[in-house]
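Should a chain be cited, it is by its letter among A, B, C and D, assigned in written order, with residues numbered from 1 in that chain.
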Amino acid sequence: MTALFFLVALVLLISAVGVVASRNAIHSALFLVGNLMSVAVMFAMLNAHFLAVVQVIVYAGAIMVLVLFVLMLLNIKLENQPALGKLVIGLAGLGGLAFLWMMVPLLQRSFAAIPQSAVDVQGSVREVGKLLYTQYVFPFEAASLLIMAAVVGAVMLAKRRYRA
Amino acid sequence: MEQNGVTALGYIPLFPLIGSVLAFIIGRSKRDAAGWIATLASAMAFAVVVALVMAMPEEAEYYYRAFTWFSVGGFTLDFAFRFDHLTAVMCLVVTGIGSLIHLYSVAYMAEDEGRHRFFAYLNLFMFSMLLLVLGANLLVLFVGWEGVGLCSYLLIGFWFKNLSYAGAGRKAFVVNRIGDAGFLFGMFMLYRQFDTLDFAELAQAISVNASPELLPLYFVVALCLFVGATGKSAQIPLFVWLPDAMAGPTPVSALIHAATMVTAGVYMMARLNFLFDLAPQAQAIVAIVAVFTAMVAALTALTQNDIKKVLAYSTVSQLGFMFMAAGAGVYWVAVFHLVTHAFFKACLFLGAGSVIHGCHHEQDMRHMGGLWSKMPITAATYGISTLAIAGIYPLSGYFSKHAILAALEGGHNPALEGLLELLVPMASVTAFLTAFYMTRSFAMTFLGSYRGHAHPHESPLRMTAPLIVLAGLALVGGLWLGGTLPHYLAPVLGSPAEHGHESIIEGLMHSWIGIAGIGVGLLCYTSLSQIPATIYRVIGPLSTLSLNKFYFDELYAAVVVKPLEAIARVLFRVVDQGMIDGAVNGTAAVVDVSGEVARSTQTGQVRHYAFFMFVAALLMLFLFVFAGRV
Amino acid sequence: MNFDTFPFLSSLVFLPLVGALVLYLLPFFRPDHDEHGTLSRGFALFVSLVVFAISLLMLTHFDAADSGYQFSERADWIPYFGISYFVGLDGISVWLVLLTTFLMPLVVIASASVHKKIRGYLASMLVLETAMIGTLVALDVFLFYVFWELMLAPMYFIIGIWGGKRRIYATLKFVLYTVVGSLLMLVAIFYVVWRFYEQQGHLTFLLDELQMYTNLTRKEELWMFAAFALAFGIKVPLFPFHTWLPDAHVEAPTGGSVVLAGVLLKMGLYGYIRFAYPLFPRAADAFAPYIATLAVIGIVYGALVAWAQSDIKKLVAYSSVSHLGYCVLGFVAFNAVATSGAMYQMLNHGISTGALFLLVGVLYDRKHTRLMADYGGLAAKVPLFAFLFLVFTLSSIALPLTNGFIGEFLILTGSFKTFPVLTVIGTTGVVLGAVYMLTLYMKTMYGELDEGKNGDLTDVNGRELATFLPLLVMVFWMGIYPQPFLSRMEPTLNAYFSAVAERRAALNVYENDVAPSQDIVLEREHQQARPVRESAAQPNLNRAVEG
Amino acid sequence: MVPVTYYLTLSALMFTLGIVGVVIRRNAIVVFMCIELMLNAVNLSFVALSRLVGNLDGQIAVFFVMVVAAAEAAVGLAIIISLFRSAKSVETSDANQLNG
């Protein structure tokens, strides 16, 4: 199990670095697909089966297809401006390291002490569905509204403007 | 004994007021009517005064409350008039001489385009002057006091197209205002102490409050009021406006700047004699200032060539004589000289006006001479008045001036002890100088041969008639009033010490100063005309000093006016625009610059905003992690 | 018709507002467009005249002997916070209201020289009238504050839209200056109300209740008073907060200047006498010498700076600084003579300075310059104008028998009792006033006329004369027979002084009753911190709370 | 069983990479993808912690995050398209109209 975790983690991190580092946006997108798949595996390893499936279908499937579609539509591959200066990249890296330097020990300290719950939650469709349609029904409906608003908004934004 | 509700008192100032308005309105379309309306109004006021004086019993006074002017917080002030013997004398002078001068002006101003304004102003002046002398309290007096100042301003600047004339008017007003400020202080202090400004109530309050603690107050009040008088009556240090005031039409100089307005200070001191009597030090200061003013003005008059300027300085000098008497505490003499001076100085000014009129607006005496034959009436009246002012027995000036010198010597004022040895000779010298410069003026104008280019002619009867009347008064006024006036004024000013009658011989002997002055003057300016030139050469710097009026104007300009102007400019440029506005705009600029700095962070680059968010998140994290430990 | 219950004050306050609304909606009624603004002007004039007529009618019903509030109306506005619509009129405000309603028709008549967006201009003026009258009659502190701030908006537009070249700078300066002060005042109002709430258990903004039942310690009083005094001092304006005034005046259109000088500036003084003094009498006493000093500095300084001006309007503006210095001096002297003088002087200043601004406007309309150097010798060309100018100049320099004299004399006489030395210094302003005003008059009216430049100048026309004649009458009426004005102030003032004295006493009693317990605690601290000035006998609640 | 801190650490690393990406990349679409990266990092920690504490609320949260992500994808990509139309580029540095 642990070995599998590390393997998937490695894939996940490499693909994440790929997303950030690729000069070609298409490559970034493909790396992101890999990354999302790895996250789906992680979800599955954590017994979140429903989410793992949704992750694959919605994220790696629908959203990434949309992204790739836009990339194709706009036909942009390379950033056409010179690469950023080393200073900016260095600063960002330094900031990232500082973030990690503070965040990781914090996480270790905060959560190591919490005992593993006896209940082994199963994020099955049934369980998640039950919760969604009972306790979280209101947010759920709100989410549907949000999606609708997003659809309308996207159409509005993306349509060509006609001038009289 | 006070007689209330004498409505007639109200008519005295009312006639000139109505006359002023009518003259202005009717005169706009009918220029010639203005003069007659104004003269009529003035004459009516005179008639009322005469009737009142005739009817007035001895030891009585009239009182008339027109309305309550204001009444707030326990401070009630009536717009009220009081008519006692002193007022009667003043009213007679003002309306009598005023009417004559109105009559004279009708002819004198006949050609002027703006004569409706002139007569409106002149009547307005009469109104103000009558308020001044009739006022039953200090404030009504002050109304007149400022009102005559206004009319003086308007009439000096009557020919306003000449900016220097207008400037002279402004100077007169401002200098008077300085004096008025002193007058106001005096009123404030009196009100603060006694809660009233009514003359009768003040006299009452002061007579019961003669305690020594209040004496310093009386001293200060008297001094403040005297500052007011120096402004109005052209004494050192505020006399500088009067010579410039000659810019006005000559009848104005006669009425306002010789006969009436400038004597307001003397009237005020006589009116407040109960106060000044309790402040002998203040009186002494008055006397000293008066002697020096008389002296300086007489010295200045010696070298003036403008016929009106000579008379102007002479007026200053004669006012000094009046204040000598007032300062010595013998008020009736001051009033006496006021009256006689009104006669002969009005006559002199009107005579000068007649000369100027006849010589086609020539005022420089060096371009006159020999007018004796060309305008005999003017010359005769001018001559009589010259003799009068020189103090020759039995003309009016002799009596009043003699009385002044006697009063000064008499030593009624203990505070003058020891100073008299200086003051009396100075006054005598001034009397001599008076005779001298007046003779000079007469000689340069009327004697010798004509040096100008115009064709002088005698003035019409409407102008000479007032001259004759005034000259007549100057001739006999002293003899007549010298005996009656002290008794007439006694209810107001107290009974004077009796002095015996003098014979003609004595009188002539006592007028030796005047005779000497006239003699020397005649000698210098007729037969031996090289003498003055020689003298001036010998005492060069002194004569320059005299010619330049002792540099008073220049001194004031350098010490007061210029620095104040500079301060004003500095205050505006440096303090107002620099410091205060600088601070205000500076605050705005700081906000502006901070905005500018903050703006530069708003690059519009999403990446930068993201970066700032990241940094901020880092900071929050840092605080979250380390806050407890640091 | 029975006028006993007629809502005079509300109609005065809101009629102009209604008029402004109608004016705003005018294009909907008359789509064929009011091209030259004749209809708008006529309507605005009608409204302002009706308001003036109502105010005159009200004056006839005004009981001169009654010292309390008359025609008062009261309604709850925001009951939850104890805020109410409470208006009333007494001897302190009655003449200022009349002055406002009197000046407004003149300003509307003078609007003939305004050409752009005339409708908006007149509507602003009418809204301003509502705000001004509202400020004067409000007896609820909150209501007062609302009207007080409402005065800013129309004035902001009047200067900012219809002003001269630097109008934006001027109007911003005007608004920012004023807002700084009034916000501090708002904080102080809330503090006082909060203290009232602490002590009485309910909220109110009624001036009378606050005045009677709010106990404040001396230190609280000082701070509150300072906030109020700053707000009012800026509005007056008191030296050194005056620099907005010349800019605002120079840039404002004629009507704006007239209202600004005529009424707006008085609001600061009115606020002082109506709110600052009765609420914080002891602090006012403590501050009085300093305020008087500033007032006297303002008198002399304003006069000197006015002398240094070359722009006529700026000169008149600085003369306002000087004249209002007298009013402030009169108010802080705090005796009946000086205070009634100061109140009278407010009216005088409104009339004579308003008239002077109108006169400058007449010149500016014709020649489009305000520099003295561009004029000269006008008296020969425009005699009627010169006459009017002379009368108002003399009124401005307080010549006896014109209105200015009574005010100045009463102020100086009264304040001489309280501040002799300062009054003496202030009296020099009388001299300096003559200097700068007569210099102005001489430079513009006297001398040789420049035919090329001003040869085509025309004299005052009928419409302009219609604005000057009422002012001219008032100059002489108020100068010769001031008693009708003064007598309507006096009973109120007498009652006012005793009320303030009562409050002073009550506050002292409060201090002596409440404070001793805290005194003991504070004694040592006091001795260490402030050994000299305020002894331990003067308690200090704030410090006690902190300690 | 893999300790929860491992997941969390992994999540932190992924999140950091996302942040760095957002800051250094200029292509708006790549920036968008980096944001997805960060969202997923958070999702991962949600699920991990949901397991740790033994209830499903964390997973529900992830579900909603996904909803938001989907909406964001739709709107965000539409914005990018209209940006491209006006600026002929998807570089974030070209969209600087907010420059103050």
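Before moving on, here are some points about what is shown:
Everything that follows uses one rule, which is that a contact is a pair of C-beta atoms (placed from the backbone, for glycine too) under 8 Å apart; a residue touches a chain by one contact, two chains touch by 3 or more.
Values in this document were obtained by computation on a predicted structure and should not be read as measured data.
Separation of chain A from chain B in touch steps, taking the shortest path, is 1.
At the centre of the protein atoms shown, by the Cα-centroid criterion, sits C. With B-D and B-C as the two chain pairs, more C-beta contacts join B-C. Each chain gets one centre point, the mean of its Cα atoms, and the points for chain B and chain D are 95 Å apart. With each centre defined as the average position of its C-alpha atoms, the distance from chain B to chain C rounds to 38 Å. Averaging C-alpha coordinates per chain places the centre of chain A 6 Å away from that of chain D. Rounded to whole angstrom, the centroid-to-centroid distance between chain A and chain C, based on C-alpha atoms, equals 67 Å. Multi-chain contact residues of chain C, defined as those touching 2 or more other chains: none present.
Looking at chain A, residues 92, 95, 99, 103 sit in touch with two or more other chains. The set of chain D residues that touch two or more partner chains comprises 19, 23, 26, 93.
Chains that are in contact with each other form these pairs: A-B, A-D, B-C, B-D.
Residues 19, 22-23, 26, 31, 92-93, 95-100 of chain D are the ones that touch chain B when the two sit in their complex. Every residue of chain D that touches chain A in the complex is listed here, in rising order: 1-10, 12-14, 16-21, 23-27, 29-30, 32-34, 36-37, 40, 43-44, 47-57, 59-60, 62-64, 66-75, 77-82, 84-85, 89-91, 93.
Only residues 599-600, 602-607, 610-611, 614 of chain B touch chain D when the two sit together in their complex. Residues 611, 614-615, 617-618, 621-622, 624-625 of chain B are the ones touching chain A in the complex.
Interface residues of chain A, counted against chain D in their complex, comprise 1-2, 5, 9, 12-13, 16-17, 19-20, 25, 28-29, 32, 35-36, 39, 42-43, 45-48, 50-51, 54-55, 58-59, 62-63, 66-67, 70-71, 73-74, 76, 79-81, 84, 88-89, 92-93, 95-96, 99-100, 103-104, 107-108, 111-112, 114, 116-121, 123, 127-128, 131-132, 136, 139, 143, 146-147, 149-151, 153-158, 160.
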